[in-house]
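Each of the next two complexes has chain A plus one more chain, namely chain B in the first and chain C in the second.
== the complex of A and B ==
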């Protein structure tokens, strides 16, 4: 097989799946790659021994079932040159050529450091959901979920379904913000229904606003958390703590390719026009990496990018109105779940910021940029390449994560030495 | 206008060592650096302290510096480790170079010994089968260069050195510098700005020579010595537009640094995957096990290459109070401490411990 595609799509979540299906519908030869073994991305991650929601099944079938789409799972993008990506899969490294590229790499969780956040038994909110879906045993486990945003509810529903004993969901946003958010929800009936459905699944579980986990403590693993809420401090004994403060766009590949970025709050996202074109000719971006927007806007932007990448501007134009509507929902989320400054002040001098290299917050004092900090403290030099501490430090107002270099993820040296062969003529 | 006995421009490892040395001698020192300490070639370097013997002047300076490095051996942040250098012979032709190399090292007082194939594999079991032998220099060491640069700067600051976090835009007609923030400092100037040297001293030719390095995840016990091919010097001293050589280093973390590449004419810092490919394929020929290891990062840096490969150390011709310490190519970490001591001796009118003549900038009159 010759590895060249008319349209190469990076990421098989809602955006990438929609892009692949739309482009293939125009007769394009499409390659769809994802680092995971299954399609669906984080939001449609398949559960062991359970079928996914109908929307996910349809979205996956429309892309993977199309004869024009080559599905390339467990494929990680490591580097890039003009018109080709260097990827690694279980067989090794190789180059994939493309005429048009759709970036749909999604987002990762924003983890903010607080005392005890590195204890075993502390995960992200999305992290807990992913673990549960992959069969991590939760039955009888006392779980506290905290952080911010609708992902907390989704994680709670999944955890409960897997037998967890939910002690409470602690949302940092204030109650007044949440009530205003809920009052505007009628304009997105699907979202309102989803919220109602989740609340019903969580009947009896305390949901507390204006509450922040200040500390996790325990000997070898988490045994208790300290929650700072409107009625003061509360100590809760638990077995698992899941804390997520929302999502961060995965812009690394876009940045390596030279696509213009813009700031969304403390974090960069990819700048696109209404056809999802980035600043680089032939490269499109869709979904969360253009700014956190959720599943619906991701699907629409993916389809727009797929149409545009295959040359159908009319198809892309038709989806503009629903896309704008979906994006407005995201703007409301952003506004009403804005982070309380308290959350940025949880880390103490000796709280580890860079888990890979064990760098405490105090070691970073006096460093005005990521490079200076890296040279002095090794902060961000580990296997996660600063994905976790970089996002946290940007959110804490210290300094942003700096530029992208290959390898975008740790990769075998043999992959980095892979020869580019005839990828330019699909 | 603030006045100093010596204004050191540049806080790479060479400038840092100069500030340290001058402040130790009791001079009132200013150090000028807008960027991170050790943020240029110092940060990009491997940190291999090596007695390179291909040129007598180079070896004399390296030998002198290696002695001074002993004082850093117990400094925790320096991550000093005397792992030794194992030079590997890929062929009989390579092996034939060993006696002459041993003789040169011996003449300079550097302990070294030939290693037969059997011992070679005992020392480094991961080397590819069929190598002819090698040469071991047990006292060579590795360090983490930016941390050493910071240590030297901090020591100078504790002795009262003034630190200006701005760039130098101009050297005055007599002496002194003007900074980008428009402040002016007066006094003798010592320029140690590495690749940026021509911006302040356009009369001293200097070419940047780009290099790539890779670092792996942690694989303790895979590599024990800094291991280089004997042909490394052909790459280092050759004039080819680009060349690669096998050169790996075990870090105290268990990570492995893999080099090296040399390129003239490449002026942007982006990682070049074609160059990485060449460099890694060369490394795999000597150590096939590397193929299976995970790389965490790749980066590039620029070595400052003088007109003749020797550093410029001393007074700038025709300028009474302008001095230079720059142009160390790939040996700047090894020779930093000796270079600083030598230049500061010259500034003070003291007789340096080694003959300064081969490094005198006046040799390249432009």
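== the complex of A and C ==
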């Protein structure tokens, strides 16, 4: 016998946690799954030997502490059918049934290829933050942070707290964009306070606008980077380079389930109505998945989805105004941190694009779509299933990401053989 | 602070605080992670289970993402080194 739930929530970040708590508050039997061992998603990822911020602790406790919520950590969705998801946990594979499904799978970083980006010691910006929070040694390490967006500052704060020597934060957006962004921040006092707090923690660390890392070099690992800034090229010797160009939604499961997507810039996100309903009956989506919006819109949309999935339309209606306000902040981010065309032209002919299969940019010439490139070069056929190169190629304007195929993540054979009729109806 | 977790990486014993990821434990020893299909060294990129650059063998299971797994007492980890 397998488990079935009234409401099954995928992803235990701010959106999924809020959805689980809201649905359980209406008496629904809720299953909350996440591939990670801890709840909190990206922003509330726990740090080794450190208690999280109060907001995070409250958000996590409201869901995990609710008797109506079954918390299923280290559980990854690998496949789907109408009314049930195939999941894998350390014990094996099984199907989980649901009446309503809330997708809250969040976002990953947009990682763009440049010469040297495959060297050990080159990570994403949020990537370095996530690694550091789980004990990656940074004490005494010379770190360069680069890319775009407020995540660079958050990553820098975490790295410094872990003892890194920050050589600088290099933001690709120009100074005039950032000044305009900062002037509008007063309408979101929480964000303004957060920005001030981060800047105070980064006192003495150079923050340079209009600057792009063009190249990383080193023997067995990164030893230096070349930064192209308003005052020309600069070479910086370092031990680590953390570089991320913003975020893109993890739409793979939604796409497999047939939910309609819409384009947000070069990348797809899940299309929903004001009640977070997707185009598929009984399936809701919330948070970064519906377009990059950050923690606040994720929490609000999660709660809206949870109320709606449990049948409380009034609850969902009450949160519309704050949700719109939070989303407007995201629109500003998008505008002011728009990518400079320079960053789409960093890869050279021999720069590896598909890291899983070592496919260089030149091998993709002449292919009009992802499918043809995949068949000829194996680009996107490796373990990450095109999650890194697919996002990069879409951003580079080569070709858009195409369909999702099961299994969504490499899974054990025994998981794929799990009997689909063995879940119990709620 | 709670007691450290002991595990083995490529046969070396290592002690780390509970909650540390396998990836971080490998990095503390300064060991490389894996070789790409063309034989180049690779190490964690995304930190969140998406890129698969941190794959190692754990307790006999190949292709495990080291960034996703907290250390466990007695774990046996092998990198491509």
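Quick note on the criterion: the second predicted complex is superposed on the first by the 421 of 426 C-alpha atoms of A that agree within 3 Å, B and C clash if a C-alpha of one lies under 4 Å from a C-alpha of the other, contacts with A are read in each partner's own complex, and residues count from 1 in each chain.
Convention: a contact is a pair of C-beta atoms (placed from the backbone, for glycine too) under 8 Å apart; a residue touches a chain by one contact, two chains touch by 3 or more.
Bear in mind that the values here come from a model prediction, so they are computed numbers and not experimental data.
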item: Contacts of A:126 with chain B and chain C, given as first, second, both or neither; value: second
item: Contacts of A:190 with chain B and chain C, given as first, second, both or neither; value: neither
item: Partner chain in contact with A:135 - chain B first, chain C second, else both or neither; value: second
item: Most chain A residues touched (candidates chain B, chain C); value: C
item: Touching partner for A:220 - first (chain B), second (chain C), both, neither; value: second
item: Contacts of A:35 with chain B and chain C, given as first, second, both or neither; value: second
item: First, second, both or neither for A:382, with chain B first and chain C second; value: both
item: First (chain B), second (chain C), both or neither touched by A:419; value: first
item: Which superposed partner A:175 touches (first chain B, second chain C, both, neither); value: neither
item: First, second, both or neither for A:372, with chain B first and chain C second; value: first
item: Set intersection of chain A contacts, chain C complex versus chain B complex; value: 382-383, 410
item: Chain A residues touching chain B - in the complex, by the definition given at the top; value: 79, 81, 86, 369, 371-372, 375-376, 381-383, 385, 405-407, 410-414, 416-419
item: Partner chain A, residues of chain C touching it in the complex; value: 1, 16-21, 23-25, 27-28, 32-33, 36-38, 40-53, 55, 63, 67-70
item: Complex contacts: residues of chain B adjacent to chain A; value: 36-39, 43, 146-147, 150, 214, 216-217, 258, 270-271, 273, 276-277, 280-281, 283-284, 290-299
item: Sites on chain A touched by chain C in the complex; value: 35-37, 42, 46, 48-49, 74, 108-109, 111, 118-124, 126-131, 134-137, 220-221, 250, 355-358, 382-384, 387-388, 410
